[in-house]
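Order as written gives the chain letters A, B and C; numbering starts at 1 within each chain.
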Amino acid sequence: MAAITMKNIVKKYGDGFPAVNDVSIDVADGEFVILVGPSGCGKSTLLRMIVGLEDITSGDMVIGDKRVNDLAPRERNLAMVFQNYALYPHLSVYENIAFPLRLAGASNDEVDKKVREASKTLELDEHLERKPANLSGGQRQRVAMGRAIVREADAFLFDEPLSNLDAKLRGQMRTEISRLQKKLGITTVYVTHDQTEAMTLGDRVAVLKRGVLQQLASPRELYDNPGNLFVAGFIGSPPMNFLPAEVDGTTVKLPFGSVQIPADKAEKVAGKGLLIAGIRPENFEDASVIEAKDEASTFTAKVEVVEWLGNETYAYIPFEAPPEVEEQLRQLERDLDGESLRTQLVVALDGTSRIKEGEEAQIWIDSRKMHLFDPATGENLTVDKANAGRILGNAMAEAAEQPAAAG
Amino acid sequence: MTSTVATPATKGGRQAPETSDRAKAESRLAAKLVAPALVVMLVVTAFPILRALWLSFYNYSLTAPEDKEFVGLSNYLTALTDGLFWRDIGMTVIYMVVTVGVELVIGFIFAMVMHRVIFARGVIRTSILIPYGIITVVSGFAWQFAFTYQNGFVNGWLPFIDDQFNWFGDTVPAVIAIMVSEIWKTTPFMSLLLLAGLAQVSDDMIEAAKVDGATWWQRLWKVIIPNMRAAIMVAVLFRALDAYRIFDNIFVMTNGAVNTESISFLTYRQTIEQFQLGMGSALAVLLFLSVLLVAFIIVKLFRVDLAQARGEG
Amino acid sequence: MKKTGLVVGVAAVLVWCLLPVAWIVSLSFKSQDAVSNGTDPGFLPLDSFTGWDNYQAVWDDEQFRRAILNSLGISLIATLLSVIIATLAAYAIARLEFRGKKFVLTVALAIAMFPVVSLVSPLFDLWRTIGLYDTWPGLIIPYMSFTLPLAIWTLSAFFREIPWEMEQAAQVDGATSWQAFRKVIVPLAAPGVFTAAILTFFFAWNDFVFGITLTSTENARPIPAALSFFVGPDPFQRPAGLLAAAAVIATIPIVVIVLLFQRKIVAGLTSGAVKG
């Protein structure tokens, strides 16, 4: 067991472009940390630098109290589960799990004891003599974990381990990984692009964009207090809505009408002019299904599409955004690997809502949960700094300087 | 390639700004692993071809080694002003163009058959590998015996051909016989490469074309062939350069008689049969240059991209 | 309709591939007299059938037996050495980043296209000078250099298909580079190595140019050269029946290999040359 400390880690490739830029993350002993971000954000590169498969251009990688920058992978005593599991097809399940022990020169008795132990934990007993090619996806996944367990490694590293499984199995294996990690109490770094995995598994989550750490915080902090537009848009499904907003005192003017915000928030954004308001879909409600409502925070809009899911209803409301905001939102959409089709509001309403497509509806906004972002820097002006983990203050500004490098 | 020293050819190419220890160690390991292969390949090619270049400036005959003297470009002048040289070059080009052209057509048909066939796959593949694996000399003998009028079966089987017709008595029929042997032996190689290309044309695309109303012929020319262009080009390049070096069949079937000689055969004859090492070396250099030229023309003409065809950079 | 077309196609392929082989086998059973005098010009031996006489005569010929031995020995040794060297080089090319990779690939490609005959005169001269002329190593060395490109290309294609992660996983599991190579890569690449060996053997077995130019006696002369110099009792008439019997014997190893490993050979030939 050991803590992992990354200090100002930089990775530059041949063309000089930094794939990972000045990232510092400290993973406490026994902690489960997630590296998350859209493709090309450098999360896998960072993981591969921890394990030693990728050279570190500058910065310090410390495992336990040892600087490991110049150590070969085998000298770092880490265990890793690869995206495609990397099982050895010519070896049986038993020998796959035993492989690291055999390399370490363990005796047959010891190998057998540890392999049996691992296979029991992972319920692989009946498959030990089979070859990986004959296993299902979930079984392969467990063999890969078995190979990690027997090592008694200082930390576990996972590189998108669930991305090749179907949705149902992914859910099961997610729980399995979580249970295993808690049982073994081992330091774990886990890479994923799936925010559900990030939110459910991690003690803390590090959100990366184009090689730069955006925010490092607990899942709840990330969700409630995103540090900037990117984190706000990345965490949550369906994603947070972004609307052009103008603040005057405690009144916020949105495309559909005006709403009131609490005074402490209003204070933080006083005199900032045009802003971007961020509101999560569930912070809207059909005004007709709630009783005690604040009339000052409702507006009327024409609903274009309605999706009824049983327990809740999604309603889509298109709006026009001014060019300065539109450009920022388009850039955000590109950063998030999405395609900007049109600016529209997605609201999650109660399942009992009777709103119909093409009709005018009265919608209520829980404006206490509204965030206000600076359109130029993307910074969240209303963030509760005490409950937001670590935010990289000028991350957006830095990224904006080199938009051409966007992959 | 004419350099015997293994100087890396990638000067000023993509290079890491800071070379780490690991990258250096990797380079060193790679150098150790590659060195034996490089040395063996260059020892037998680079050194001899340089020596050939050197010898080609001398009048040097093994029958009179003491008379070795420097003659400058005289060997080249003699060769290039001799009609024999140009006739053999022309002959070689004819061998190359005709055999590769015929092989392409037959090989493509074979590839189609192998691609479609469900039954007897193993039998077909086994049979097609026999000509591929058989010794060229054996193929030459088999076809020579088949074409001879004394005891061959070809005259008897072909209509409009007199039973006493002597295939090896005149240039054109002799060349045809040589080409038949060459084509028989090398079509399997061509068809296997084309088969691999065919396998890469997705069935979805062909079905889409069917739905779009393309006839069989249109599907072939507008969908299948354009999509296996890379495979066709690689097959043509490999086979053309191989055909340009034609030697074995000529040696066995006519021994160069009745003007069937290729440029390889001429070079061989000068060196080994007439012991004219100086002249032979000059011809060897010219042969080498002409192969480079042919390769260059094919690559440029058909825009073959080998790296792309192999899916690597 | 389509089905008949396919059947005709299959028949055509089979006839094309096997007819000349059948012909040479048939010839090997015809008596020498009948062949010389053209008394039995049909495809099959009818009244000229002599049983195993020709085979017996060929086998009794000391020179031919030596040639078989030479060919087997030289081809096998060249194959073994070539495949070992090519495996190392192909691994480096497929897996490691190093300067000069393009150079190695270019050399390999250039040699694959090299006009063998243009080396004949300098090699002939050189081998005589250093005493390799008419010896086994005198043929093994050029066979190696000319089979290396094919072997390297085939093998690097195989190596490239082994997932990268496999080797990295081994390293993370605690293997040194050498252990990762030996315990993970080599077992996975074994089928590819074997295929490369078959293709290399075919090349060496088939070679003619080096065989006739770098040897002068039965000391090292391989089968193709021996066949072309094979002269029966009558120097003005090629002994077709004997030659055919010798040719059939020389073809037997090829047929056996093809029968056993056709799947691997097809995979090797196509993967080396064309890849998605």
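As a convention for this text, a contact is a pair of C-beta atoms (placed from the backbone, for glycine too) under 8 Å apart; a residue touches a chain by one contact, two chains touch by 3 or more.
Worth saying up front: this structure is predicted, and the values here are computed from it rather than measured.
Chemist: Computing the C-alpha centre of each chain, which chain sits at the greatest distance from subunit B?
Modeler: A
Chemist: More contacting C-beta pairs: B-C or A-C?
Modeler: B-C
Chemist: Just curious, how far off is subunit C from subunit A if you go by their C-alpha centres, in Å?
Modeler: Result: the chain centres lie 57 Å from each other.
Chemist: With chain centres taken as the means of their Cα atoms, state the distance from subunit B to subunit C in Å.
Modeler: Centres of subunit B and subunit C (C-alpha means) sit 16 Å apart.
Chemist: Using the touch rule from the top of the page, what residues of subunit A touch 2 or more other chains?
Modeler: 72
Chemist: Residue numbers in subunit B touching 2 or more other chains?
Modeler: 15, 23
Chemist: Indicate the residues of subunit C shared as contacts by at least two other chains.
Modeler: In subunit C, no residue touches at least two other chains, as defined above.
Chemist: Residues of subunit A touching subunit C in their complex?
Modeler: Subunit A residues touching subunit C: 51-53, 72-74, 77-80, 82-84, 86, 88-90, 99-100, 103-104, 147, 151.
Chemist: So in the complex, the part of subunit C that touches subunit A is made up of which residues?
Modeler: 163, 165-166, 168-176, 179, 183-184, 187-188
Chemist: Looking at the complex, which residues from subunit C come into contact with subunit B?
Modeler: 6, 9-10, 12-14, 16-18, 20-21, 23-24, 27, 30, 34-38, 40-43, 85-86, 88-89, 91-93, 96-104, 106-126, 141-142, 144-146, 148-149, 152, 157, 160, 177, 202, 205-206, 208-209, 212-213, 223-224, 227-228, 240, 243-244, 247, 250-251, 254-255, 257-259, 262-263, 265-266, 269-271, 273-276
Chemist: Write out the stretch or stretches of subunit B touching subunit C in their complex.
Modeler: Contacts found on subunit B: 1, 6-10, 13, 15, 23, 26-27, 29-31, 33-34, 36-38, 40-45, 47-49, 51-52, 55, 106, 109-110, 112-114, 116-117, 120, 122-139, 141-143, 145-146, 149-153, 156, 184, 187-189, 192-193, 195-197, 200, 230-231, 234-235, 238, 241, 244-245, 247-248, 251-252, 264-265, 267-268, 270-272, 277, 280-281, 283-285, 287-288, 291, 295, 306, 309-312.
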